[in-house]
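Following are the structures in question.
Next come two complexes, and both contain chain A; in the first it sits with chain B, in the second with chain C.
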Partner chain A sequence: MKDWRYRLAEQRGTLLAFGIFIVMFAIYSANHPAGFTANVVQTAANKGVLLAFVAMAQTLVVITAGIDLSVGMIFTLTNCMASWLVVGTGLETAFGVLAVLGTGLICGAVNGAIVIYGRLQPIVATIATGAVYFGLALLLRPVPGGSVNEDLADFLTGRFFGVVPASLVALLVIVLVVWVPFSRSELGRAAYAAGSSETAAYMSGVPIRRGKLLAYTLAGLLAAIGGLFLTFFTYTGEAAYASGNAYTLFSIAAVVLGGVSLFGGKGSAIGAIFGALAFRTIGDLLFVFDFDPLWQPLFQGVILLIAVSLGAFALFRVRNRLEWFL
Partner chain B sequence: MSETTHGGIMGGIAGRVPKFIRRADPAVLTAFACIVVLLLLGSLYSRNFLSPEYLLQQLKVASFLGVIATGMMLVILLGQIDLSVPWAVAAGAMMACAAAAYGPIGVALAIPFGVLCGVAIGIVNGIGVAYLRIPSMIITLATNAVAQGLMVVYTGGFSPQDSATAAMRYLATGFTIPGVPNAVIIWVLIGAAMVFALTRTSFGRAVYGIGNRERAAYLSGIDTRRIVMIAFAVSGGLSAFGGVLLAGYASKAAQSMGDAYLLPSIAAVVLGGTSILGGRGSYLGTVAGVILITLLQSILSVMQMPEAGRQIIYGVVIVAMLLLYGRAPASR
Partner chain C sequence: MDGTAPLFRMEGISKRYGGVRALEKAELTVTAGSIHAILGENGAGKSTLIKVMAGVVAPDEGRMTLDGSEVTFASPAAANQAGIVCIFQELSLIPELSVADNIVISNPPKRFGMIDRKAQRKIAEEALARAGASDIHPRALVKDLPLSRRQMVEIAKALARKPRILILDEATSALTAADVAKVFEVLKRLRSEGLALLYISHRMNEIAELADHCTVFRNGRNVASYPAGSKSDNEVVELMIGREYSHIFPPKPASAPAAATVLEARNLSWADRLDNISLSVRAGEVVGLGGLDGQGQRELLLAFFGVLRGLRGEVLIDGKPVSIASPTAASHGRIGMALIPEDRKTEGLMLPMTVRENLSFAALDRLSKAGIIDRAAEQRLIDDMVGLLAIKTAGLDIPVGALSGGNQQKVVIAKWLMRQPRIILLNDPTRGIDVGTKQELYQLMRKLADAGAAILFYSTDYDELIGCCDRVLVLYDGAVKRELVGAGLTEHALIASALNIHGDDVRIGQGEHA
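Coming up: the complex of A and B.
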């Protein structure tokens, strides 16, 4: 296979997610009463970016053939934390942001340590740690409330030069600072290799444990960035169980839509970002077509069901029935 | 020389331990030991902790989780997982209550209808896992979301009846045998049926076989897809039945009533020594896990621990106990 064709095949999932997003957003903005204006784009971007951060977090873990069912709870915990700490003068705010991000890193590292060194199944371990993180969030915010440094919040949720949504720029910066170095580093490749075939990676002397630990830790960081942005949008902190769970669920949907293989070793966070934006746009399509908002959970559930069922088309390529059983 | 001495000592120790302890699963023993420790801790805190009334009350509360965990165990034995428990529980409860609004026939068929709704959710899960080969974790999350959406639309469009029928209340809180709550009897019956199915039928053999290696089970002539499908349908049905009982206990159905049962049902099964990878585990362990979790919840609420502290202790205890005996083998 020629080089460019190989590279194209590798990015197929990402390109597909990008295509879905473009089509959905075109339908959305064409039918929106206000049309394709900077305001509509800004609102859509602000909603989509939250899920995009959580979906990036999920991607990092899914690449290692694991799953993190606590991302939504880390997101909620850091939201509650930011509503206490990201206030006051510039210096205090800066320390607050660092503390929130540090908390995310610690949560992710704890998940990783339990899964890798404790040798527990990611699914059970992260459901349990998710309960702990939610408990901590409830401890911080028994009732919704708090505040945030509004100058910083308005700066990061507004528009640059009147047209470019600041949250999209922030997302781009995070991709360049976190995802690109990770995926090109030795440990990032180790995370991919561990997800693809842990035994083969181990035999080849790849540092799979450190690679996986880094993936889980950075997932915590990205979920915390999401939590920070949630605080910037809402100006408050709230320990909402349903919303945390919904973000976990939607992050998995976004990852699947973004072409990341749930069996590990394949896909990229860029795809997951477009998956997240597409998922949000599809959910919002109901509003521009004037449906009853009651139908939104069902609509999103059905989209999720269809998205995960699409993977079943691979069954048509199976020549030997024994390949059904992985 | 040293090796023979070593072997002799080991043999001596093994010889002195009673046979039933040597044969028992260490995980099940640990779980029962933890129950005893919890009871002792509780009795230090309050005298009535060891009273028969209190223990019977705990057993009644445990039986709701027990019914749900029975279905979860069947699925985990296959090496799969069922994350659609929250809304299967809620759908079972809400649909049973809603059916009661349609005259005497509706009242009579309320319980079977609620359970059937759970079976339907389970069948969708089963089709996804067995025939479409979608990872169970993903498809069950998706059906959970769809079930939630359906319930939201259903309750939002027009308000259905949400109070439990007399039969549901009788099943959950009545007494057929004096002194023994009906809910406990139901759990015993369902548990006995599950033990029989797992140990005395070819279905049970197939479940353990698939959990160990589906490929090998398939090659030995088992219709593995049908077995997986049945297991998910049973799990969905039992979750919904648990919801029906819960609605009877609280005398009404609510939307979020199932949320509190996902983590406990998985934890009860895994703490009882059933391998999350499938193929290994006994129902006795699940019983121990259910009682353990119920006692833990009860002690935390007796101590008037706020919800936040309960969640934290709960998660920490589960991780700690899994680290104690639920770890995957270290060999590669």
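Coming up: the complex of A and C.
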């Protein structure tokens, strides 16, 4: 086989997600009353980017064959924090941004430490920490409120040169600064290796623990970036339990749509970003076709169920039934 | 060998696991530029020896010297640093990563803190070429490669670490004949480049073609070392025999019972692990499965028990063809089959649950009426079993994980006996349990057979097969190679057929290396 075919095979999941997104977005904008305008794109981008950040966070953990059910709550907690701290003069705002991102890092590192050193299953550990993070969020914002540095917010949610949504540019920068170095680092590869076959990775002398810890920590950071952007869009902080949970669930759907294997070791955050954008667009299709918004949660639930079911197809190929349980 | 200083030496190496001694004052000398074959039957200490060399296991005593100075290895990485690289039987490749990723996995080339993909590609291509596997694309994912190709990647991965001593543990077992020929070329070239190669294989013809020197292990000791080609196959088998007899077996019935055939297989094949197996077991008979470890014995038992999908051939119960779709189907109704698994911790018991619960699991359907468990009936049956097997437990309501290994194994067996099975499959049931319990199990097996059960018994212990079985079928490469009965059932015959030696006096070791 030729080199390019292997390259293509490596990117198949990402390309498929990109394809789904393009098709969905074409249907969406073709049926949108306003059509394909810079405004429509900007609104869609701003909504999609939030889920994209959270989905990137989820990807990092899923690659290690884990799952992070606290991403939505880190997203909510950092939103509440930002509504207190990302205000005032330029310097104060900069400090606030750093504090919010630092909080995300700590939340992620705590998840990782519990899973790796406490040897708890990721699903249980992150349900518990997620509850704690939400509790903290509620203490910070018992009722919705607060504010944000509006100059910064408007700059990051507006448009560059009148057409390019600034939030998409921000997403691109984060991909280049966080995801690309991670995926090409030795520890990033260790995270993949641990997710694919932890014993083989151990036998090969791969730094499994450090790789996984880095993945969980960066997941916290990405969820916090999402929380920060939520604040920029809404100008407030809100400890919204339902919304936090929805983001966690949707991030799993986005990851699966993006070609990331829930069994670990396979997939890319770029795929998950397109998965997130596609998932958002599918949800919004209901609006342009004038369905009752009441149907939206059911519709999204069905998409999530279909998406995660796709991951189980590999089991049909297993010939020794004992391998089902490995 | 010819007067050159040894590259690596092991002296007085001992290692015990619990009460079992795996190595007892073992010695080994490795010389640069030669291929050294290590022979021995199952459990002779070969794999422990390699693990000590490769830094996986720390020896209890003894010393190792490399280039004349003493060394100790705290981890596989430390052994790698010293230039000792081992290709283990269990593959250490990561399925979702590419071939190139795998080859450089323990020490990827870096540039500005990130993995340098160009350099990585170059290293991988060089290593693959050196291993004679340039047909494998460095970007291919390991999981998409067939087993034989993966084995070649494993060899390339070892070579990329620039070893001085390369250990191959059954490294050719998964390879096709064409690949074996290629690997042999590579190994011979490495020898001429001055590497020391340690070659462990059960295939006598491979050793004959490759080795310069052979060492035979028995009972954790090196019992003979000789230049390859100086001993006949028969002499080698004699050297491998000599396990110390310490078991007492119940007497076998004088002649084979003429009862009806209960379990029969006709031309059973599965994937590339089972090859056209036909066998039959009569009521009251204990039939052994012998051969080297991993020749398809486990898969055969799993095939009967309905675990494998895509099985070809026929299984007959009481002379009638049946299709067994699951363990539930196998254990229920008129089939009445039970499988005593090898790994009792994962496949046999639920360790945190109580002895009582574990005992009842397989028989709950027989103990319940309309879905409700009949407690009194359960208690009666459990009492019977605890008495029959003499299970030593502080009570029925303690976790089964708190019992000794031997008693845990008895619980696994008792659990299946609660169903009064007619066909009992045993997968190496005495591994890792004490001698006393072993003897009780031998007695029990004979008692069950006398009561009319048909028993198929896989064991890695040849002694046990000889002592317990009416007949032994020897498997090699997934096929039944030989059936040993009565006086023909000797350790010599078992080992010779396990190694698949046909001729009685073939000289081994006529490699062209002079």
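Here is the rule we use: the second predicted complex is superposed on the first by the 310 of 326 C-alpha atoms of A that agree within 3 Å, B and C clash if a C-alpha of one lies under 4 Å from a C-alpha of the other, contacts with A are read in each partner's own complex, and residues count from 1 in each chain.
One rule holds in what follows: contacts are C-beta pairs under 8 Å (C-beta built on N, C-alpha and C of every residue); 3 or more make two chains touch, one makes a residue touch a chain.
Bear in mind the structure is a predicted one, so any value in this text is a computation, not a measurement.
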Of the partners chain B and chain C, which touch A:201 in the superposed model: first, second, both, neither?
second
Now for A:308: first (chain B), second (chain C), both, or neither, which partner does it touch?
first
Taking the superposition on A as described, I'd like to know which of chain B and chain C A:184 touches: first, second, both or neither.
second
After the superposition on A, what does A:192 contact: first (chain B), second (chain C), both or neither?
second
Touching A:120, do we find chain B (first), chain C (second), both, or neither?
first
Applying the touch criterion given at the start, work out whether A:139 contacts chain B, chain C, both or neither, answering first, second, both or neither.
first
Counting residues of chain A touched by each of chain B and chain C, the higher count belongs to B
Answer with first, second, both or neither: which of chain B and chain C does A:26 touch in the superposed model?
neither
Give one of first, second, both or neither to describe whether A:34 is in contact with chain B, with chain C, with both, or with none.
neither
Do chain B and chain C touch any of the same residues on chain A, and if so, which?
321-322
Provide the residue numbers of chain A that touch chain C in the complex, in ascending order.
1, 3, 6-7, 9-10, 181, 184-186, 189, 192-193, 195-197, 200-201, 203-206, 261, 264-266, 318-322
Contacting residues of chain A [partner chain B, same complex]:
67, 114, 118-121, 123-125, 127-132, 134-139, 142, 198-199, 202, 241-242, 245, 249, 252-253, 256, 262-263, 292, 294-302, 304-305, 308-309, 311-312, 315, 321-322, 324-325
Give the list of chain B residues in touch with chain A in this complex.
81, 128, 132-135, 137-139, 141-150, 152-153, 156-157, 214-215, 218-219, 224, 256, 259, 262-263, 266-267, 270, 276-277, 306-316, 318-319, 322-323, 326-330, 332
Touch list for chain C against partner chain A, complex:
75-77, 80, 88, 90-98, 101-102, 105-106, 108, 110, 113-115, 117, 137, 139-141, 270-271, 299, 302, 307-310, 326, 347
